[in-house]
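Below, each structure is written out as structure tokens.
Shared between the two complexes below is chain A, which pairs with chain B and chain C, respectively.
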Partner chain A sequence: MDNLAKHLLQRLMRRIPASMLQSTLDKWGRLTAEKRKSLDFTQSKLTITQELVALCEESELTVKHITELEMIYVTENPNQGMWHTFQLLDPEDDAHSVELMQFKEQFKSHLSELKRNVSVKIKKHTDEAVWIRVAWGDGLSRPNHLKATYVVHYLQTPYVFVNALSSKNKPLLLQALTLSTKHQQIKAANLSGQKLTALRDLLMRQYQQVFPTKYPSPLPESDQSISKLRIEKVQAEASANRHRMAGETFGDGMLPALQSAFFQLETKFKDPTNEAMTQRDEPFICSVKFSSSNLLESLRHCASSGIASTPVTPLLSSIPLKGRNYFVITNNVPNA
Partner chain B sequence: MSLLKPFSKLPDLNTANILLVENEEQFQQNLANTLVEETAVTVNVRLAKSLPLPMENDESRPRIDLVVFIINLTSDKSFESAKASLKYLVPGYFLGKVCFMATNARHASVRTGCLDALRQLAVSLHCPLLFAEDQTPEGAASSARRLLTILKVASGLVPNTTALYLSNLTRCTMPPDIDQPSFD
Partner chain C sequence: MEGSRERTPHSGGVKRRSKSQSYRRSIRTCFGVASGLSLTPALTARRMNICRKAPKSQNITEKVKPEHLALLVKTEWQLSYVTPLYQFRHTQLKTYARQLSAFIAAEKQQGLAVEVGGLQNTFKVSFSVLQGLAETNDDPETVLIQVVTGLGRGRFSSRFRLHFVILSLFLLKVQSKPMFARQEDPPKTVWSGWLSCINGNPEYLQSLPKDFTCLPLFCSKGAEGLSSLVKSWLQRTFDCCFGPLDINQTTLQWLAALWTNCHMETNIQKLKMIWTLPVVPPLQVTYTVDSDDALELWRSTRESSAEKSRGAEDEVCIDFSEVTRFMQGLMSHFYRHFRVDLSAGELNQVSSALGSAKLNGKIKISSSRYLISIFSLLTECALLKMPI
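So, the complex of A and B:
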């Protein structure tokens, strides 16, 4: 096992938290059962790493196997790093019939045509997602496995999620993706965040939607206890309306845990009490960032409790409706 | 403008009606659940977020004997909303039928001057200012007990006492060292 493989393994061991170590190694399956049993997981991480390196050397594992382990770890724990979304546009006629084997071959061949010395690994996850790991090298050097790019794509959907892509390699990757999925264009979808699962659920609407209905609530119960009958909310109708509109905009139940939204404002300053600023002709450039542990949940609560006026302003409702969290707002064309 | 009037409707026998106004709509539910458990008197509780109350309910609404404004001291919006609601009460209410209840007074994030401003408001309106602890059921129970005492007087169920007499005893006063800066 050469130095690169050892180094890679040590780096990887530092990334994997101790609690997930055993299950990840079991899934990997490259070490035989007895070797895995011989590892004592109650020791310090440093000791476990050293033992693991020794075991891997015995089994003569190479960089290829270590990258497998890394891929397993990242696939199971996708909510790290910064994911950016891209959208494929203008599908050709047979874009809908692209299936896995065809996509794999096409992608690998296109990417190796564009750049030599790239190492590509493609795997299909249980939930129909195709995970691609790309380690970039160039004509002179070997692929750099320490800074690999991860790509997640759901076949037959136009969305691609990318992690850790440098701007040098960006056009190459995007071109390979466009060609292998039989589309003609790809553009940035203005949605990025740390939690891949949240981005995916938001874009593909995998949360409970609320549709406008004529009779929003079932008939009230008739067997209320006497004491509860004496408590009455005077503004119940207004409050129920707010709840309904908030639910229709943002959804019901558990919402995807989007963590930030960024608004770049380039609009004219509007404040009747501040003459000096309003007189200027140039737009006032300001950026507003919302961050929260679950942004959509907080926005829904703002709307239903009356802090944000209902019907919800399109500035906020575009986040779930258009599936974006980066907006540039100018005077003429909002949400450009 | 739909003003709330204290004596425009007939009272019911052995009944007291209380209106809890709170911008956050949190503590009022717990208070209401405790208040209706009172057995000696039939207590009707109405919960609102702010005044004015909608006109559609006006017919079915009973005569309100006591209006309680629940203000969360950590939130400016709470205080502003309560102040704006005061306009919708006829001045007759301020003769002992309005009470202020402040929650989270000991919280670290209370803005300096917020409590003083609330006190000034209560003093200028001659209303009592109560402090409540809203996180535990015991806190809700003790605030409910105090409110019930004032409520029974305000709805005329205690002989030889009226709300105006009681308010002279319970109304908020500024502490005498008003000219010196308060310790916070």
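So, the complex of A and C:
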């Protein structure tokens, strides 16, 4: 086992939390059951790492095998780092019939034409996602396995999620993706975040949608009771309306855990109480960032509690509707 | 350690009851002060200024040594207020340093948590004076003592006469030296704090009995364990009380407006405000405004204010109602886009290139030019928050 493989393994072991070590190694399957049993997982991580390195050396494992282990770990724990979303556009006629083997071959060949010395690994996950790991080298050096890019693509959908991609390699990767999926263009989809699962669920609408209905509740009976009850009824109605509209905008139940949304605002300042600013021609430049451990739930709660006026403004409803969390708003026109 | 916690209403000043005259009685009962107070005509009622002078860029490097300034700026300090110190002598700084070192060592031996740097370290305290941060010129009997710490040699200038100790500022530094360190290893500062009073209310300060030194603003940085040790030593030795100085909504709004005002002289780059909205899970809104646009908005709110004296630019006073209008302008622009009412939430933090201020009492000043103005504001907050 060469030094690079050792180093890679040690780095990887630092990343994997102790609780997940055993299951990840089991899934990896490169060590025989005996060898795995010989590892004592109650020891300190440092000790386990040393023993593991020794075992891997015995089994004569290489960098290739270690990268497999890394890929298993990342695939099982995708909510780390920063994922950026891209969208494929203008599919060719046969785009929908691209299947896995074809995609794999095409991607590998296109990418290696564009750049020499790249190491590509493609795997299909159980939930139909195609995971790609790319380690970049160039004409002069070997692929850098310490800073690999991960790509997740669901075939038959136009969405691609990318993690840890440098700006230097970006055009190459995007071109390879476009060609191998038989599309003409790819663009940034303005949706990024740490939690891949949240981004995916948001885009593919994997959460409970609420559809507007004309008659949300059974027709109420006419109630001729005292005025206090009527006040409560009006308040209850208003509250029910808010809840309904909040649900229609953002969804029901558990929502994808999107963590932030960013708006760059370059619109004119309009305030009837402030003549001077309203008459200005230049836009008022500011930016707003919303963050929360679950942004969509926070926004839904804002709407249902009245902190956000309902119906919810298109700026906020665009987040779930368009599956975006980065917006530039100009000239008084929302969603420019 | 809290007296009655006051929330300053947005509409302007808060009238405080004046302080009782017998301090010796009331210091120990700082918890139950509210009941013991009575209006004494001789003492002034102190209130939060609803009118402030616009902070001017001051080059204070002539008054204060640059190395002292460097210690204060670009660092985040945790604020507390402290009641007047009884029988604090600027002459005794060396003694105090020795006493505090001994105290910390003793507490450490008892096992109190002072985890900084492990058990091997010994702590050495130095008290020094940061001259020049005084503002009011009532009686410029500035302290002339210099306490030099380090390798045990202290110079001692014995000329002192104190009438008002409004004018001084003290720096406490706790340095940690590993037991087996080589001679050349420089001692590391593991904790620092300073007591100050900048532009303190002169009527209040003059009303204090002679033995009391008023340094109401306490800024600290470093391990929490050391902070509490230093505070408890100061409490025992000078019969004073400490309490957290939260920077309330009003003060944060003042800072937003004042910093924007400073953009006329110094580029503040951006005005950033962070709100939290009380939803589940809590929503944080970071609203960043381009500094030129913020300044224009600020100017427009000031022009519309009727009572403006156009002549004397130097003494131009900023009224809190202008600050409110400025904030309302910002919030209405926000509302126009998102239909979310920011006033339903709480302003947590205001920052600009000149510094940052947080609701939990943390302040950072990035430029020494506005140090005096900002700390005058904070001194005022500290004096207000003190229970006596």
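Here is the rule we use: the second predicted complex is superposed on the first by the 303 of 336 C-alpha atoms of A that agree within 3 Å, B and C clash if a C-alpha of one lies under 4 Å from a C-alpha of the other, contacts with A are read in each partner's own complex, and residues count from 1 in each chain.
Everything below uses one rule, namely that a residue touches a chain if its C-beta (ideal position, glycine included) is under 8 Å from a C-beta of that chain, and two chains touch if they have at least 3 such contacts.
Bear in mind the structure is a predicted one, so any value in this text is a computation, not a measurement.
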Which partner chains sit in contact with A:Q106 here, chain B, chain C, both or neither? Use first/second/both/neither. neither
I'd like to know which partner A:N241 touches here: chain B for first, chain C for second, both or neither. neither
Taking the superposition as given, does A:N117 touch the first partner, chain B, the second, chain C, both, or neither? neither
Please work out whether A:E232 is in contact with chain B alone, chain C alone, both, or neither, and reply first, second, both or neither. first
Superposition-derived comparison: chain B or chain C, residues of chain A touched: C
Tell me the contact category for A:S305 with respect to chain B and chain C: first, second, both or neither. both
Would you check which partner chain A:T330 touches, where first means chain B only, second means chain C only, and both and neither mean what they say? neither
Let me test your reading of the model: by the given contact rule, A:F284 touches which partner, first (chain B), second (chain C), both or neither? second
Once the two structures are fitted together, what part of chain A is touched by chain B and by chain C alike? 305, 307
The answer for chain A against chain C in the complex is residues 263, 265, 267, 269-271, 274-277, 280, 284-295, 297-299, 301-302, 305, 307-309, 312-313, 315-316, 329, 334
Spell out the part of chain A that touches chain B in their complex, as residue ranges. 227-228, 230-235, 237-239, 305-307
Once bound in the complex, which stretches of chain B touch chain A? 19, 24-25, 32-33, 36-37, 42-49, 53-54, 56-57, 61, 77
Okay, in this complex, where on chain C does chain A touch? 277-290, 293, 296-297, 299-301, 303-304, 329, 332-334, 336-341, 344-345
